[in-house]
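Chain nomenclature is as follows: A, B and C, assigned in order of appearance, with residue numbering initiated at 1 for each chain independently.
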Amino acid sequence: MKESAHRRQMLKYQVMKLLTQGALLLSLAALITVIVFILVRGLPYVNLQLLFGEYSSKNPTIKPALIGTLYLVLISIVIAAPLGIGSAIFLTEYTNNKRRLIHIIRIAVETLAGIPSIVYGIFGYLVFVIALGFKYSLIGGGITLAVMILPVIVRSTEESLLAVPRSLREGSLALGSSKVRTIFSVVLPCAASGIVTSLILAIGRVISESAVLILTIGMVVNKMPKDFASPGTSLALDVYYFGSHGYPEQAAATGVVLLVLVVSINIMATIIGKIYGKGELADG
Amino acid sequence: MNKTFRFIKARDNIMRGIFLFCAVFSIFALGCICVFLFANGVPFIGKIGLGNFFSTTWNLNNESYGILSMIVASLYVTALATTIGVAIGLCTAISLYKFCPKKIVPPIRQMINLLSGIPSVLYGLFGMVIIVPFLRDSVSPNGIGYGILAASLVLSIMVLPTIVSVSLDSLNAVPKNYYEGALALGTTKAQSVFMVMLPAAKNGIFAAIVLSIGRAIGETMAVIMVIGGSPLMPKGFFQSVRTLTANIAMGATELRGDAATALVATGLVLFFFTLLLNISFTLLKGGFSFERKRAQKTNA
Amino acid sequence: MDKKFNITVRNCDLYYSEFHALKNINIEIEEHEVTAMIGPSGCGKSTFIKSLNRMNDLIEDCRISGEIKIGDQNIYDKNTDINLLRKNVGMVFQKPNPFPMSVYDNVAFAPRTFGTKKKNELDKIVERSLKQAGLWGEVRDRLYTNAMGLSGGQQQRLCIARALAADPQILLMDEPTSALDPISTGKIEDLMSMLKADYTIVIVTHNMQQATRISDKTAFFLLGEIIEYNKTDELFANPQDKRTENYITGRFG
């Protein structure tokens, strides 16, 4: 009797094990298929003409998108990085007697992080395209993206600031250094690798984003943007445009470019985090 | 010396003001978003009437702006995608936690982290070129591949990395001595995991579910490429329909005037859904930290 | 400078929110002496020396009342410049906390804070401070390597040099040797008896032999109160209070 109960348990265990391992294989297979599909479909069509050629409806290129993406990354990071790092500093270094305000700021940041990108798109559309009269423009899209990545930068910068041991702050303050000198000469250098990592990841978000841009920069795939104020397109937007306008090869090829870009950005962030995260301050 | 110290003090105050400004900017931005959405959306809903807005007819030619069918489609897609994603993702996390060779866990984790950064438009492309034709040719009874099932499948793959890493993190955060304690009582490895570790990690797993619901309901690009786009009430898995996000994105580049404002109102509804989710997430996290504190107290 | 740098504490009470950490402290600390604070863990001795350079300001819900004077200035006065105070009252912590930068940059940190920018002036200050801390010989040829690579004892002497470079009058040491091996401890004790010619030193220690070896006066803390304060020889040879006697003979703590 007892033996059969034991056998039943073992059987259950085996079933559970197989079930979960099956799920693991399924997940990996699904995710790898996505990657492999894009590479197989797209790689044959990645060439210099696609990347840097002049756009024509017969031979669409992604040159305008490359420039547009560059503009968007520049605009959004230039705006969001100082704001994000500044607020993270306020949230971690100026906590004394400000609990209420900090609580409200935290709620605002969390809420911003949860808003879907298409809603940011509507916001950008209402503010920049309509209210400020910019029409569709890279600058409007870039600023909207800046608001969208702000919570990402705030949160991860906060984490790396909190990882700086308290004893270093005390050491600096005890020498008579002001709070600002402590922050800039001791805390920020110690947290630098974490902050750089978070900025790189934020750049990855900007490059991946498309729903915001569909409403704010106009998806002008065929013209080179002249400056910040002109309408434009981005790599991710081009994938959508090509895919839904009858250019499947170009869509997949642009997908490859996008994929390589995003994955290498993520790998770069991981490497920076690893190299500089290790030796430094394991124990202050 | 005195001048130096006055300078230091002034600099401290100025920088403090700057940091405060940066921090308050988030509140300002959130306020702006709310004001713009409400100021444009609410009067519009008032003008056309709630009855019109929450009807099932979206026909711009006779000023019908009913989004009920899109709300229903959004909910269907979200529910289905989350169910599939959570079922597979959670099992994957459990497998990575206890039921697979230790050596392969770090590389798999690394890979899953990388995959979570893949742009959603690429998932959409994959769905459009692979999943939709596949469903059309070999699964669908009516020869249509677009629709709720295609969108749900694409989204469930997309949310997988999030679910796996968040639930694995929360499983790893459960103190090891719970597991040892359960084993010491004579339970099997599987029983210990399912009856002790999973319940102990339940708040983190709920968080993963809420996060993936948020991503699924808010996702635009991956959905519009596989959903079809007809503003109809969903009646089955294989039928061209339209979600809230798809409604906004599809109309965005073409519509003017009232029709464009209808998109803002649609966005308002979506915003409202995500706020609800956010609040429940915050409450869950509150419960999570409360539970951790309790655990610490009992440990001490 | 003929300004006085003795410390006078009168009727000082300190609370961490509800917790009464220091109770009616009254003490006079003389210039150019080493004063030791002894007592069991949690008795308030660290809290006390942290209130001498207002490091307790960093802790939320910390309230202090009474009077703490350095010379004739009340350091809790509204118009006390807190940065100047901390420059004048250096502090060395329990665990060495060098900044993750070069040895040179660590020592030059405070002078740079207060506006010394010239390379040759900084060089002089760095050399003098490292010599005072007895570290010059060991690090002179690796001034520009990261300070985190030094040994624990060297790191702690670097922290002392870093504090001295700010040109303080008073040096607070919060169990400076508790994380170190006996040889490093010996070096730092020797250092203290040399430094007291130029500085007023207040040291918190767990180790009663250390107190007898290095200090001129000793205060015994218990549950936030000063039970006894006397010349070190007297206090150990002839304690007036039963509780002091119990503690120094090892009956508790």
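Note that contacts are C-beta pairs under 8 Å (C-beta built on N, C-alpha and C of every residue); 3 or more make two chains touch, one makes a residue touch a chain.
Just so we're clear, the structure is a prediction, and the values are computed from it rather than from any experiment.
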| item | value |
| --- | --- |
| Relative to chain C, chain with the most remote C-alpha centre | B |
| Chain occupying the middle, per Cα centroid | A |
| Centre-to-centre distance between chain C and chain B (centres being mean Cα positions), rounded to whole Å | 53 |
| Distance from the mean Cα position of chain B to that of chain A, given in whole angstrom | 15 |
| Between chain C and chain A, distance of the C-alpha-averaged centres to the nearest whole Å | 47 |
| Chain C residues counted as touching two or more neighbouring chains | 83-84, 113-114 |
| Where chain A touches two or more other chains at once, by residue number | 178, 181 |
| Chain B: positions in contact with at least two other chains | 8-9 |
| Chain C residues touching chain A - in the complex, by the definition given at the top | 53, 55, 58, 60, 83-88, 90-91, 93, 95, 97-101, 109-110, 113-114, 148, 159, 162-163, 166 |
| Touching residues on chain C, where the partner in the complex is chain B | 81, 83-84, 113-115 |
| List of chain A residues in touch with chain B within their complex | 9-10, 12-13, 16-17, 19-24, 26-28, 30-31, 33-35, 37-38, 41, 82-87, 89-91, 93-94, 102, 104-105, 107-112, 114-123, 125-127, 131, 147, 150-151, 154, 178-181, 183, 201, 204, 207-211, 214-215, 218-219, 236-237, 239-240, 243-244, 248, 251-252, 255, 258-259, 262-263, 265-267, 270 |
| Residues of chain B defined as touching chain C within the complex | 1, 4-5, 8-9 |
| Complex interface listing, chain A residues touching chain C | 95-97, 165, 167-178, 181, 185-186, 189-190, 279-281, 284 |
